[in-house]
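Below are two complexes that have subunit A in common, paired first with subunit B and then with subunit C.
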Partner chain A sequence: MREVAIKHRAMRINVFKVVLIFITSFITVLLVLAIAALFMVPDIKDVWESLKSDEMIYSLKLSLWTGFLSTVLVTIFSLPIGYSLSRFQFFGKGFIKTIIDLPVAFPELVLGLCLLLLFGNTFIGKIFDSLGFQFIFTKQGIVVAQFFTALPYASRIMKSTFDYVDPKMEFVSRSLGYSMFETFRNVSLPLARNGILAATVIAFARCIGTFGTVLILAGGTYMKTEVLPITLYLNISYGNMGMALTSGIVLMIVSFMAIYVFERTEAAL
Partner chain B sequence: MKKFLIVLTIVLFWAGQCLAADLIIFSGAGLMKPMEELKKNFESVHHVKAEVHYGGSGEIFAMVGAGQPCDVLIPGAEKYTQDALKNGWVKKNTIHNMVRHIPVIAVPKGNPAKIRGLEDLARSGVRVAIGDPKAPAIGRVAKQMLEKNKLWNSVTPNISVYAPTVNQLLIYVALKQVDASIIWGDMVVWAEGKGKLDVVRIPENKNIIQTIPTAVCTKAPHKDIALKFNNYISSPEGLAVWKKWGYEPCGK
Partner chain C sequence: MSFLSVRDLHINLGEFYLNGVSFDLDRGDYLTVIGPTGSGKTILLESLIGFWTPDRGDIYLENQNITTELPEKRQIGIVYQDYALLPHFTVYQNIEYGLKKKNSHGMKEKIHEIATALSIDHLLHRKPTTLSGGEKQRVALARSLVVEPKMLLMDEPFSALDPQTRRDTRVLLKKVIQKHNTTVMHVTHDLIDAWVLANKVAIIRNGYLVQFGSLEDVFTRPQTSFIADFVGATLMEGTVYAHHDGVTVVNVNGVKMKTTDPGNTGDSVTLAVRPEDILISKEPWPLTSAQNHIYSTLSKITCEGRTSLLSLNAGETIFHAVITKNSLERLCLATGDKVYAIIKSANVRIVHSHLNSPRPFGSDRDGRDQVDG
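Moving on to the complex of A and B:
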């Protein structure tokens, strides 16, 4: 009797396992097919011609340099954000955490609209304006859009990285007479190295892929504020599928490389 | 476990039901307001589920070309339907010209840059937004109009953004990010009424007025119902809806 019961239970666990694995593989297969379609549908010659076009070269260059700049800014800002959220207790911490995380759940279009309103006619916009920063319809605007879209992702990874760094190490360093900043520089930072790299990589992928925020804030003008996702969208509008698919492929390759590096560093963590 | 499977099946089935449509319409993004009402009326009379896909005229044109299933094609300008006819994508006897699509100049409330006509767009320091000439129909029309009035070259330096979608133009004007934009008159009716922006009319001899046509696709998966919808939106009853949203019936 007991044996039967045990066997029965084992069977049930098996069904459970099979169903779960089935769902996982089913979705994975669909995704793989969808990605493969992007590479299989277009003509290789068409893709090559599109890659060499002025529009694509312009868009790729603009994407890369705005992406790099935004990523550097995101890293500079998300490092202290992640560290303070992980280490310090202070008034309004919960509120700050929620606000910083908010754009993760925000549609990009809404974020773009918020930024457009902020830098539009408010005194904050005027302050930046007098400092020589104009964010609306400009390349600087692309960087701002990418920065705010990618920041929450990077901050989250930074925070969980520092959560895993043992505070005892820092205590030891402090007890040996090093200041908080020296401890941060010589102990916390090296220990968090992989997490910081992961955050940077994800931030870069997010920056390159930002569409809605860039569209609203920077306008998405042909050969002016045209980054890769805008090229994709514009060329769908033009009915030029070759160009659209090519920008899709380039974006996909960037994401693949980013995720690959991310998984590698995460594994090393 | 069993319950979970049942729920999953129901959810999947329900999702499938929701996605299945009896009628697929491709419409220019600018026509959203009357289209939604026409769609709702038609659905309740004929007990069918219609699905409207909105996009830039160039975009929906390309989608039909790429073989996406589509029953009724309603772009923002006649040119697209004529091109579709040339390519054999729509049926000639189903083309009805419904309403006039009139471009106007939209300016922020109070008209800060004192725009009175197309010529003022060329004045130095005026910030202008127009649609990308290759994407939404209004972009192409705006460019043609400025060229027709020999203003294109003098206006280009003032253009701060070529927007890929029509709706962006509306946002930028309403938020005072530009001093003027060329946009469909019917699109600003609602915003003008709410006091978000002002409208400067363009005289007919300088303007390029489009007509909005509807047509049934040759490869329409739901032919009968598509014909009914095509006739309904171009009937007097349908035109009344268009009129309500600020479109002028063509009058044959």
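Moving on to the complex of A and C:
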């Protein structure tokens, strides 16, 4: 009787479910091992010495500063992009959405090349040049590279966030006498605050981690346009593993924090 | 000119559309808009409030053309089925929101007055997420009414409420609406909303306004079999057998039904009888003014709360009658019993089966003439 019951219970195990959970767990274990390797391999003394080095301090400061600036710009621009794509129907909306999303699928190097050509000898480059903005092989270029790399990610999150805000609340607000802008300020923006925070955090992580676009547009010049991913790249090339691993660890910690905040805010949406 | 005048309104939003909708409302009218899902009822509301710009047609409110006016300038309030309360505000702030924009004097008093009238004065400090459905709906009503809109639009405001809360909210709403003499347009699926609250009814189907008129008119004189069916009448196909002394006799599968509606001998017609217009007797009842005494078999009894729906078979004709539970017990009715269904000829209506396809309101005259003539 007991044997029959056990057999019965065994038959109820869903093979499909077990296989999916196994695949998920296997990949997770691999990722955890890879991340752990980054923390286990280097000597703690090497890491500490690298953190104190002029190059690392320069790189960290430049990364945080440019990352902060580009994140502010990304947030400012992705907010109206996300809202308009979520709320309005207009000619060419599908095309605009595709173009804004394009850098997500682009290799960063190609995006960097496109920006290099745009801000090179074209009339747009000359206009910015005359306004005092020079993006090629400069720190300003780092901000531009990070901005264009992170913008599509933030815009997507902003759009999804506003998709979740019930348009009926906006309708009611307008029926009570508030203009479209006042309604956006009083209703849509406060209700989207978690999503805006999530978009900002992801944008910051993306900006800090941008490599290919920065390398092509701003160049990877030692102690000039050297942000953390460039530090990692340069030091790998020199064979200086301590510096390379330290910049990797710093980037990983930033990503961890970003994903943690993103998950928390997404859960609160 | 009327308080609200909608003229030849056309809107095409792809899946949903309105085709040539025209009607008028006087100040203080309470209009319920009824129709199947996807018929265009909500679009009609949202175009009145200004969220959709019509492709054609005009909307006049107090003699002013507001067709292209911005929603914030129209002074028309809206209450949705899912309340659309602002979750980051308290109940007090939700009600205050519209008043703040108007810089209204005595805001506090106004808020407390409307909150008391709608029995939500004890909830003012709460956040909407902590309220029940009925409470949320009353807050939504208070928010719209406190700014004293020229008109209030409601999109199925009670459909998410349980029956008891729905009844209570209806009573409160009626009191407040009457006190403010607010003109209301109320989209609903629930015919009881129409019976309890409205003085006018509009039926919309596939984007067409198929009937508009007083409550009595629409419910007792449905102009198409679709409307009759929709408002709960039993439909019977038949042929006009004779017409004399102001009474038309229609042969419905061998049963002679008499109606005061005119008809031509030989015409195929559809008759509509409302279940509540049928009297049930176990004995013949000759001394009565009612002209239809139909001997039938009680085939089914469906109890619906305090009332019971009886299915009656007279030959091949099946029709329904509603009686109270009390009457059901008093008559000791059971399935299989032979009973007389007694119907006044004035309560048997000829509806126009050939008008089943939707037509714009206003062209019904032609259809009626074909049958009546």
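A few notes on this one:
In this section, the second predicted complex is superposed on the first by the 256 of 269 C-alpha atoms of A that agree within 3 Å, B and C clash if a C-alpha of one lies under 4 Å from a C-alpha of the other, contacts with A are read in each partner's own complex, and residues count from 1 in each chain.
In this section, a residue touches a chain if its C-beta (ideal position, glycine included) is under 8 Å from a C-beta of that chain, and two chains touch if they have at least 3 such contacts.
Please read these numbers as outputs of a predicted model, since none were measured by experiment.
Taken together in the superposed arrangement on subunit A, subunit B and subunit C fit without clashing.
For the superposed model, the angle subtended at the Cα centre of subunit A by subunit B and subunit C works out to 150 degrees in steps of 10. Once chain A of one complex is fitted onto chain A of the other, the partner contacts of A:190 are limited to subunit C, with no touch recorded for subunit B. Shared-chain residue A:219: touches subunit B; no touch with subunit C.
By the document's definition of touching, of the two partners only subunit B reaches A:15; subunit C does not.
In the overlay built on the shared chain, the residue A:39 is in contact with neither subunit B nor subunit C.
In the superposition on chain A, A:166 makes contact with subunit C only, not with subunit B. Which of subunit B and subunit C touches more residues of subunit A is settled by the count: it is B.
Shared-chain residue A:239: touches subunit B; no touch with subunit C. Taking the two complexes aligned on chain A, the least Cα distance separating subunit B from subunit C is 40 Å. By the touch criterion stated above, subunit A contacts subunit C in their complex at residues 166, 168-169, 171-179, 182, 186-187, 190-191.
On the side of subunit A, the complex with subunit B involves touching residues 12, 15-16, 19, 113, 116-117, 120-121, 136-137, 215-216, 219-222, 224-225, 230, 233-234, 236-239, 241.
Taken in their complex, subunit C has these residues touching subunit A: 46, 49-51, 70-72, 74-78, 80, 82, 84-88, 97-98, 101-102, 143-144, 147, 149. Those residues of subunit B whose C-beta lies close enough to touch subunit A in the complex are 1, 5, 55-56, 58-59, 61-62, 65-66, 129, 132, 134-136, 160-165, 168, 171-172, 175-177.
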